[in-house]
Structure formats: structure tokens, C-alpha cells
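Structures incoming, each one as C-alpha cells.
Each of the two complexes below includes subunit A, the first together with subunit B, the second together with subunit C.
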Partner chain A sequence: MSEAKQLNDRINKIKAHKPNPTVAMALSILFAGLGQIYNRRYFKGILFALFEIAFIITFGEFIGLGLWGIFTLGEIPGVDHSIFLLVYGLLSIILIVFAAVFYIYNVRDAKKQAQAILDGWIPPTFKESLKAGYDKTFPYLLTTPGLLLLIFAVVFPLMFAISLAFTNYNLYNSPPRHLVEWVGFSNFTNLFTNNLWRNTFVSVFSWTIVWTVVATTFQITLGLFLAVLVNDVRVKFKKLIRTILILPWAVPGFVTILIFAAMFNDEFGAINRDIMMPLFGLEVPWLTDPTFTRMVLIFIQTWLGYPFVFALFSGVLQSISNDWYEAADIDGASRWQKFRFITLPHVLFATAPLLIIQYTTNFNNFNIIYLFNEGGPAVQGQNAGGTDILISWVYKLTFDTNNYNMAAAISLIIGLMVSIFAIFQFRRTAAFKEEGKL
Partner chain B sequence: MLTLKKRTIGLLLLVASLLFIAACAPDREEVVEDEDRAEGEMPEKPDELVVWINDEDIAEDVHQEQFDRYTEETGIEIVLERIAMPDQLEELALAGPGGTGPDLFFQPQDRLGDAVVQGLAVPFSYTDEELADFSDAAIDAFTYEGDIYGAPVAIETYFAYYNRSLLDEVPETIEDVLDMSLDIRAEDSDMYGFLITPEFYYLYSFINGYGGYVFAEEDGVYDPDDIGLDSEGAIEGMEMYQSFITEGAMPRTITPDVLDGLFIEGRAAMVVSGPWNLPHFREALGDDLGTAPLPVINNEPAPSFVGVKSWLVSFYSNNQEWAEDLAKFLTNDENSQYYYDITGELPPRPDILDTIDDPIYAGYTEQVEFGTPMPNIPQMSPVWDMDEAIELIVNGNDVEEVLEEAVQNIKDKIELQGGQ
Partner chain C sequence: MQAKTRSRLELLGIYLVFAFMAVIIIYPLLWAVGMSLNEGRSLYSSTIIPENWSLTHYRWLFTDERSNYLLWYRNSMIVSSMSVLLSVTITTFTAYAFSRYEFVGRKSGLYTFLILQMFPVLMAMVAIYILLNLVGLLDSLTGLVLVYVGGQIPFNAWLVKGYLDTIPRGLDEAARIDGAGHFTVFFRIILPLAKPILAVVALFNFMQPLFDFILPSIILRSPRNYTLALGLYNFINDQFSNNFTRFAAGSILIAVPVAVIYVFLQRFLISGLTSGGTKE
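So, the complex of A and B:
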């Protein structure tokens, strides 16, 4: 038999088969691959069917346990471990989502191909379709490992943390002795209605906002001021001055913070002993009075944060063409006007996304708060220290008092706020790019 | 019509999924105790037991020898794993359900509450004779809601060290101590008579000496709602302490480091500190070093906080009976003696304490008898905020006001922990 005849036979055979798309779809819903087999795409059909059988055999029992587990969080204390059941449940849900995506593809594929065959489409041979599939899905193939990693390393822990915010998981409900239960939104309502929680939340939250805005604005202002100053044509030794000003950046942050903590120690610190006492005769309670501790923290963050902004602005300033200033001079602009209408818009326009990142970083700047004074000093009537920001409060709730449920609820609130910042920042970035096309 | 249908379908789906989920519930064999085993009879020997010890070289040395003895006696292999004591509970909560946890682990009694509340430890069953061999303070320390949870290994407390070259005789009462201090200060203002670190751990002696208490206790059950740190006794005790500062017998700011330094330099006649300083002090002062129990406060020997370390049996152990057997073996007379010989830490067994004839231990062993265990319930952790109240008292604030505010603060924090 010649090859042409072979091909002809095959085409005739296929044309003789008139699959009904609805039947194909129904069969595929019944069991993955049945519709494909009905369409006479045997290999694909068997592959799909095998896939479903394998999935049910491997994961069926686990998914059953997981769904039951996430629904009830266990029934017998000591035997059921609520937290493990919650984890199984979340994993089951991820698996089910995978399966559902595959199943929907399977059903749609059965229907589409049945319709295509009716319309006279000649399906490729197995070899051909494999090659076509490989070409078409190559980018997806490459991103799959990354996607899987993302799902298990980011999405899954996120789901776990979100789930905890709706349970009563704390020291007193910990497995194995007790079972954790779903409590709906009561952690959130507690945060806003229970006096102690509300006081703490309001004071920590307001300090977090003040801290973020003031400390970040200071570091940006100082960085901008120094950058403009050093960039002035009359300044000599620019490189040397720049190097010195960037030094605070070169020292690891935690070293700086610990040294500052030692310097500001109320009794033994250099600030009190060698400056405040001899010169002014007073001992300032840097670490024991919340207001002073807050001032010092803002000062240290300004110190730590300005070099980055300074370096950033120095670069941008050099890219501003001198023509602008010459033109302004001819128009008789004052020094302030030149700064206000040429320098500032240039600098802020180019760096806005990075500056917003500065704000979000400080919003969650755990290191400085915890290393300086562990969020202290203690304050009456709340369970966070006077300088605790949300993130360090969450840390204390998790590791000091095992209030996992409240920690998760507060983390969720932090997450929401940072996402709002992030969305805002992305939009700024996009705007910047579009403008840049001009 | 359509909405009704939709609703019916939705309802059906819900019912179906509920049924499905209920059907998914795992079949579990009922948890049955082995009924056929007679009382007191041991189950079959396991091949090995896993023990978590503290992450220290000396602990490994001493326990390895003890484990070898046990293996020799019973044939059960002991697998030793070093896990830092403060991390053990957290790791057990993860490793236990995964089946890689220990049979026996090692904890101080102030973490007992955390362990029991989470259900990580199981109670021991002791006979009366076995209990009689331990000092009461040690057993109390490991009693939680009436059950005993451990085999105590070591007991420690603070007591008085004195410098013989500065002190002819040890003052007996706290009033004598104050007089002695003022005399020494009057003679030379660079010298100190009596020093105690301004921390709640140490000053508990003053508070409890006059009848103040942390939590009311009955039959080994603490009542976290009844805090006695602003009771009359507590106020009187702290006023007594404050008088040391206001009369100039003690400086305002003492940290443990400063205290150790002054005593080692021979600038303090009498200090309150724990057994961990014994080697350093002995090296510095030689034969001039003496120890004594704390001075008499309010006509009674002053109480002190004792800390006890103990073996605990894991809830997740498959061989709880044998783990308990091993724990008891490790704390019998012979092994306790060995533990003391190697580490110098006192075992809470009166028989052994009596045989210790090194005179330098006199103050230590005597003070242990007056010890009260630190409360072992989780509500204890906010109580350590008392340190801040003490700082205010040292700075001359009114004792009653400070204590009342501190207790209110502690109560608030206990409520926030979310217990009950």
C-alpha cells in the first residue's frame, strides 16, 4: 500500500465518524477521557482516564480526610490534631483545584474536538499532536516548576495564616490536649470591641502610622537636602563627601542599632553620661519613657535610611540637564523657584515608586523596633510595648504568648494595608513607564 | 419559579456535600487501654527510647553514663539527642505528631504549665515510698492540677554568700542586716554591706516573708484570679526593701553583673545570689567565702523561689511506661549522686542533701528547705513584669500605688492571653 492510500483511508475513516458534541461533553463529565475515546482520540482518552484513576487512587483518601478535617478540625481531643487536619484540608483544596482545572480542560476539549471533527477537521496523528503540543506549551512547561513552587511556598502558607485568623488557636486551645475550632470573625470583632485589645490595637496602629510617615519622610527629606547640597557646583571634594555620607549604609543595620541602643542606655549610655549629665545636668529616660524612645527610634531610622535616598537622588540630580537652570536664570528665577519647579519635580517623578517602597519597608521595619528596645518600654493597660509596631506586636503575640489566632488576624490586616500600598505603587510605576515613552 | 429551582438545587448540593464530608470522617479504632495487663505490670520492652537532653557538653557527659547504666540493666538502647532546653516544647509540638519526637524530655518547672495546657506531657504514677525520697518543694513544682508530671533532677535557689574577712558573724535577721550595712557604709562609702538584685525573682523573699503571694494556691492548684502581690504583706515587704535604698544601705542601680563584680572585688560583705556563682566566688575569695541561708524576715526563715528541672514523658511516646521507668531510674539515689558529683547541681533528694558535707554548700542546702516553687501555670509569664514595678519602687515611688498598678497590669495581660 502506498503512503497516499494509507492517508486517504485514514481520512475516510475519520470522516465516516460523526461525533455528537453534547454526547462527547457528557461522557467526559462522567469520566475524564471517555469523550475523547468517543471522538476516537484513543490515546489521549486513555491517558486522561488513567490520569483520573491515578489521581483518585493516590489522593482520594487523603482528600477525604483533608476535607473532613478542615470542616470539623477534629472531633476527639488527643487523637485528632486540629492544626495538622487544617493543613491536610488546605492541601486537599489545592489538589482539588488542580483536578478541577484538568477536568474542565478535559470536558471542553471533548466538546471542542467533537465539534471540530463534525466541521471536517482532520485530527493529527499522535506523533504530530505531541510535537504541536510541545511547541505550543513550551513556555508553560518552563514556568510550571516555578508555579508549583509559588503555590506551595507562598499561596499555601498564606492560606494557612488566613485560616488561623478565623480559629481560636491559642495556648489554651492547643492540640494535642484540645481541639481548635472555627470561630468566624470573632477575632476581628474582639480586636475592635474588647477594651484591652482595642486599646492596644489603636495605640499600636496609630504609632505604626506615625512611625512610618515621620521616620520615612525624615529620611527622604534629609537625603534630598544632602544630595542637593553636595550636588552644588561650588562644593569641592564631592567624591569624598559622598563616600562619607553613604557610610551609615555600609555598616550592617543591626550593628548600628545595637550600638545606638547601648549609647542611649539610661544609666550607662554615653549620651546620658557624657553629654546630657555634664552639660545639662539631666538624665533623659531614653529607654524607659515611650515618648523619648519613639523620638530616638525616628532619629536612628533617619540615620539608617537617608544614605539610600541620598545615593538615589544624587544620581537623578546629575541627569537634570543644565539647560533648564540656564533658561530659568535668564527668566530671572530665584534659587527657591529653581528648586521648586525644576529639581523637585524631576527628582520625585523619577523616584516615586522607590520612595513608596521606603514607606512600606518602614511600615514593617521589625529589626529596628525589636533590636533597639524590644518594643519597650511596657505601657499600662495594653499587651504591647510603647514602641511596638504592628509587625513586632504580631511577633510577640506568636512567640511570647502563643496567641496565634490574634497574631494571624493582625497579620491579615497588615497584609491588606501593604497590598493597598503595593497596588498604588504598581500603578505609579506603570504611569511612569507610559510617560517615559514620550 | 427559576429562583426556587436554583435554591432547591443549592440546598441539595449543600446537603450532598455535608453528607460527603461526614462520610469522609476517618474510621478510628476506639482508643482502648490494654485491659488484659494486670496492674503495675509493664508492657513489652521497646528496643530503644529517645531522650532529649539539654544542649550542653556536661549534660551529654553525665546523661550518657546514666543511659549506659540503664541499657546494661534492661537492655533497652537509649538514643540521646541534644536540643536546647528553651526550644524543646516548641520542637516537641512539631516532632511529636510526626512520630520523630522523644519519649523523654527535659524542662524547668516554669514551662510545665505550657506543656500540660497543650497536653504535651503525661502524668507519672508514683508510689508513696517513691515520693518520700524527693523533697516536697520539688514535687510541688511538678504538680499541676493535682497530677505529678515529672521526675525532678535538680533543684536550685538563691541564698546568701558572705565574705568572712568583712563580716565577723553572719547577721541573723533582716533588721540586723540593715544595721550591719549601715555600719559598713558609714565607715567607708566605697564599701557595701548587703546587696540583692532588684528583680522580682530575688525580692520575692521580702514579699513572701510578710505574707504576700503570687497566686493563691490550694492542694497544688493555683488560682490565677487571686493575685496577692498587692496584699498588705507584699506592701510591707517591699517597704522593708525600700528602706534599704532610702537609708542609703544599697545603691539604686544594681545589676547581677555589678553585684558579682563588687563581691568578687571584696567591696561587698554579703550578697544574695545563686549556685551558678559558687565556682567564681570561690576562685576569687578562697577560704573567705561562706554561705548561709537568707536572713530571717518577719521572724521566719526567709522563703525563696526554687527552680526545679525534671524529666517529662512525652504524650506522643509509644512507650510511656518505659519512659517513666527510665525517668525514675535516672533520678534514683545512685544516679542523682552521680549527677551531683559531675555537675555540682543539687538533686532534690533529702538523703543526698544530708550527705553533702562540703561546708560551702551549707547555705544552699539549708535554703532549699525554705523554698517555694515558682508557680508553674502559664499565667506566670506576665507576673515577671513585676520587675518594672520594682524599678519604680527603687526610684522612691509609693509602694502601695506601684504594686496596685502592677497587679492590675498583670491581670489585664492574663486576660489577653485568652485563657479560661
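So, the complex of A and C:
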């Protein structure tokens, strides 16, 4: 009986309190948690207020320094370290974004609850609201560790790389002896107007495109071709054949590329010494003539890349129902027609996103280019090697010549191109459309 | 009769293609094995069928004082297993939240993952270097592991989320009605059913650090901290000691077990990839 009375008292007390939503909102803007306290949600209010105080005490000074740093990039050469200031600035921006999200939530929460109380909503007891709070924050708890690591390893580094593209950070003005400055878009204009940069960019860019399209298409075509052959009913020892065909994928690519590099060595590689010389009596300049190096690179990538596609397609081929082919036989379809209208659509539909990833991977396939011949051989009139693709050029600019600003500008261009291409393609595939509905 | 001859010729053609492929596939691998059994150290004096068979390079790797091979092996195992452990845990948590809960930023988070996985890690190398330097994790395996774990999230979270989406929601709803909490549902229902895709993610995260040489070459400075790939690469890269045969020996020792695992698991891998990556 007394419990019911207590509850009644509580409800009456709450009903007597008529908070004004605008006031609640204004108070929460003034200081986090004030609005909640005004709404008589004391625990929440104090928690929010403590949060803001702790944040200001811990990060206030750091954010001040960071914001000053990112605007000026330092003022006294030798004392201010521009790059560290840039790092502090970016970290401050990340912190501010977090604080802003929290603050917006705090303000909206104060207003919403005041309105709800006016409309006759009875706030739950302390214990109930703890439980509700746990339910509501659970997905955030789950994603927090991932989010923090993602910021540490991906988001922050990307922000940094993007910022560098708009500075003049290179070997000649590197801190701590010199200051780095913001230079706007001049790295990009430089890339397209300065002769050396433009020539290099155009030649590297066109080779990157040729490389991506040709190498990837070869590996997909070969994979498909072999998968169809192995799938032929007349072929025996299927398991053995599959195992051999899958080998290039199983052996670590890092190892095989270096083995190939040695085999194609102009002077004492096995290809020239054991095959080209005895059979044709000539030494092919595999590593010193750009055209030959490019051909070999495409060959190696096909060798390395087809097994994955082969394995993928083999799986799909086995799942295509025989009824399709029988129906086609009755209609008198030729073998090519069966392939073109039954096999191909089936495998492509099931694997489209993974095939797209093949293209984007090769676009940035740094390992093979760098390990095979370090992007070489050198070519006159440009500052990249004859087989350098954009990403390996960026690597060289960064670690060999410390042209950080240009490297960053080029990576930004790479990133934009790849993501635009990928989003465009993914939108067209069924998998993503389904995802969009969620 | 004619149709039969034609079919036989075709079959012969198919087998010829396989034979040709087999030669192209096996020749380089065999060549590397041959190289590792040569006595000399340089490419110049070595042949695919060694004139003087010898296991000196293998012996050197394990017994010579100057060889860090076992140390590198240990480092690689530490990096790979830590990376597996952390990646699987964090990725599954993230994917579970994205698959089963509604929360602010869910949809934009998915788009962000999609875009982030397109950006090459290489682009961020300078920043990773500076950041690790700032927090004192340069030249440490911990720093390396953290970068690997963070970098794999976008791709693998998508993969796992795609798989979790195929597990009927009815199952967790039923458990909830029976009073199961968030973690009970996760550990008792979702995890057991998601084992296949978790195995795929684990395998990826074990293999990737094992044969990556570029990130370690930026983060790790002292030879005692090298991972296998970086150490092996330096056998060849080092200008003063071109040790191709030694490299071949060291690589074969690690490539053989890995290749065996892959051949056994490839079916499993492919089914995991297609179920998460595509929807039929």
C-alpha cells in the first residue's frame, strides 16, 4: 500500500514541475548538464557537467596550442616545429568534433526531455534509466575500440596526408630548422604547369591506367578460361589440376616477385641464361628497357593474380544448375552462346564486387612494382622510373627525395580517383543496392 | 565417329593447356628450391641443378651467430597472432553493432568504411611514422600490430557484417524474449554461427603481416626487431651482401607451410568471401 502511495507522490511531484523547453535548451548551451538539472534529472545533469569540466581541464590547453599551431604552423624557425604543430592541430580538431557531437546531444536531450515532461511523460526511476541508458549506449560501446583504432591508424594519417598536400613541406624547408607554410593549391598547379612534373605525371598516370586495365583483365580472363576448362565434364584428375593451378596464390607473393626479379636479371637470370641464350641466342634487356620491364610485370601479375579469380569462378561454376544448359541444348544453342548467355552472366553477377576490388588493388599494387625493379629503369626527362605507377612514385617522392608536399598532392589525387570509381561501381552492383535499403 | 575424334582432340588440347600452365607455375618455384641448395651465395655462380649440392644456407640460418632468422620468426609469429587476436575481437564487435543495432552514424559509418578501404595505406605512411614517434611506439612490435589492426577494420568489418546479416534475426529475438542480454546473444548465438567468417578474417590477418615488408621497413629500425619478410628482403636488398641463395632458403622454409595451409583452406576462404562480399 505504501509503495503505491510513494509512487503516487512521486508522480504528483513530477507533474507539478513544468520546465520550459527553451530555458532547458539555453541552460544546456550555457554549460553541459545545466538543462538536465533544471529538468530535475540530477544524476544525468551532474554527469554531463563533470564531463565538460574534465574535458576542459584535460584538453583545453592542448586544443588552444593545436588550433594556434594549425593556423600558423609556427612563427619562430628553430623553436616551433611546424609538423608537430600540424599534428597537434589535427588531433585538436578530432577532439573538438567529439566534443561537438556530445554537446549537440546534450542540448537536444535537454530540450526533448523538457518537452516530454510538459506532455505528461513520467521519467523512469534511477535504476530503470540506468538500464535504458545501457541499452542505448551498447552499440556505441561495441564500436568504440574499433573507432579509436581506426582514427589512430587510418583517419588521422589520412587527414595528415591531405593537409600536407596544401603545404610546402619538403627537403629544403624541413623543420626544426625551417618553418613550413600553407601554400593553398600551388602544389596542384605546379603538378600541371611545371614541365618536369607534368611530363612525369602524364607518363606515370597513363602507365598506371594501362597497367591496371591490362594486368587485371588478363588475370580475370585467364582465371575464367581455366575455370571453364577444369569444369569440363570430360576432364579427369580435377582435384590435382585445381591444386596445381592454385599454387601461385598459395606461395607468398612477396617471395615469388623476388624470385621472378632474380630470374629476369639481365646478366645472370635464368630466363636469359637458360632459355633466351640457348634457344634464340639473344639477351633481352628485361630490367633495363622500360617496354620489356612492363611486359614482364604484366606477365607476373597475371601469374600471381589469376588463381584467386580461378578459385572464385570454379566455386560459382559448380553451383550453376544443369537445367540451364539442357534447356539451351534443346533450343540448339552453340557452345559459345551457352557460355555467353548462361555461364558469363552467372559468374559475373555473383562475383562483381570482388572483381572490382581486383582492379582497385592493382591500381595501387605497390609491392610488385617496387619489389620487381623498384619502378625502374630510370627514364630521361622525368623524376619517376619507367615502370613506376602513381603509388610507387609517391613512395619514392616521400622516402627517397623527401618531396612530402608533392607526394601528398599526388596521393590525394589517387585517393579521389579510386573512391569515385569504387562508389560509382558499387552503386551499380546488386549487393550494394540491397545494402542501401537497410 | 567423327564427333568422337573431335572430342578427343579437344580434350587433348585442354590437357595441353594444363601442361603448359603447370610448367609455367612450377618452373620458378623449382628454380628457387634449386638455388637454395647451391653452395655459393650469389646468383651468378648458381644453377637450377646445383653442381655442389649443399644445405649450408639452411644450416647458416639456424646455427650461425650472425643469423637472426629465429628471432625474426618469433617476431613475425608475435605480430601475426596479436594481430589476429585483436582484429577478430574488434572487427566482430564492430560488425555486430552494424548488423544488429540502430544507432546514430550507422549508415554514414558504412559508407565511410567503404571509402576508407579504397585509400592505400601507403598514403598515410609519413603520418603513421610521425604519430608512432610521438607516442614512443616506433621500432616496436606493438606499434606495428596497432597499425595493422586499425587498417584492416574497414574491409573486414564489411565482410563480417555481410555474413552476420545472413544469420536470421529471429534467432536473437527469440533469445531476447527468453531474457538474454546483449552479451549473451553475442557470445551464445552470433559467435558460434559466425565461426566460418571469423576463420577467414583470422587467416587474412595472420598472413598479411607475415609477408608485408613495407610497413615494417618504415616502423622497425633495429635488425633484432625485424619481421621475417623484412629480414629476408634485406638479404637481397643489402648492397654489400647479395645473398640470393640465402634468401631462397629462408623463404622456402616459410613459404612451404603457408602454401600447404592455403591449398587446404582455399575452398573455405572462397566460400567465406563470396557469402560476405556478394549476395546471390
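Note that the second predicted complex is superposed on the first by the 422 of 438 C-alpha atoms of A that agree within 3 Å, B and C clash if a C-alpha of one lies under 4 Å from a C-alpha of the other, contacts with A are read in each partner's own complex, and residues count from 1 in each chain.
Rule of thumb we're sticking to: contacts are C-beta pairs under 8 Å (C-beta built on N, C-alpha and C of every residue); 3 or more make two chains touch, one makes a residue touch a chain.
Since the model is a prediction, treat every value here as computed from it, not as a measurement.
A count of residues in subunit A touched by subunit B and by subunit C gives the higher number to C. Once the two complexes are laid over each other on the shared chain, residue contacts for A:350 go to subunit C alone; subunit B is not touched.
By the touch criterion defined above, A:84 reaches both subunit B and subunit C. Contact with neither subunit B nor subunit C is seen for A:120 once the two complexes are overlaid on the shared chain. Looking at the shared chain after the overlay, A:391 reaches subunit C, while subunit B stays out of its contact range. By the touch criterion defined above, A:175 reaches subunit B but does not reach subunit C.
When the two complexes are overlaid on their common chain A, residue A:76 makes contact with subunit B while staying clear of subunit C. In the superposition on chain A, contact of A:278 is made with neither subunit B nor subunit C. In the superposition on chain A, the residues of subunit A touched by subunit B in one structure and by subunit C in the other are 84, 267.
For subunit A in complex with subunit B, the touching residues are 64-65, 67-68, 71-72, 75-79, 81, 84, 168, 170-172, 174-178, 196-197, 200, 267, 288, 377-378, 380-383, 400-403, 405-406. Per the touch definition, subunit A reaches subunit C in the complex via residues 83-84, 87, 135, 138-140, 142-143, 145-147, 149-150, 152-161, 164, 226, 229, 232, 234-235, 241, 243-256, 258-260, 262-263, 265, 267-270, 274, 303, 311-312, 315-316, 349-354, 360, 364, 366-367, 370-371, 391, 394-395, 398-399, 404, 407-408, 411, 414-415, 418-419, 422-423, 426, 430-431, 434-435, 438.
Across the interface of their complex, subunit A is touched by residues 20-26, 28, 31, 93, 96-97, 114, 116-120, 253, 315-316, 378, 381, 385, 388, 391, 405, 408-409, 412-413, 415-420 of subunit B.
On subunit C, the positions that touch subunit A within their shared complex are 7, 10-11, 14-15, 17-18, 21-22, 24-26, 28-29, 31-32, 35, 43-44, 48, 90-91, 93-94, 96-98, 101-103, 106-107, 109-110, 114-116, 118-128, 130-131, 134, 146-147, 149-151, 153-154, 157, 162, 182, 207, 210-214, 218, 229, 232-233, 236, 244, 247-248, 251, 254-255, 258-260, 262-263, 266-267, 269-271, 273-274, 277-280.
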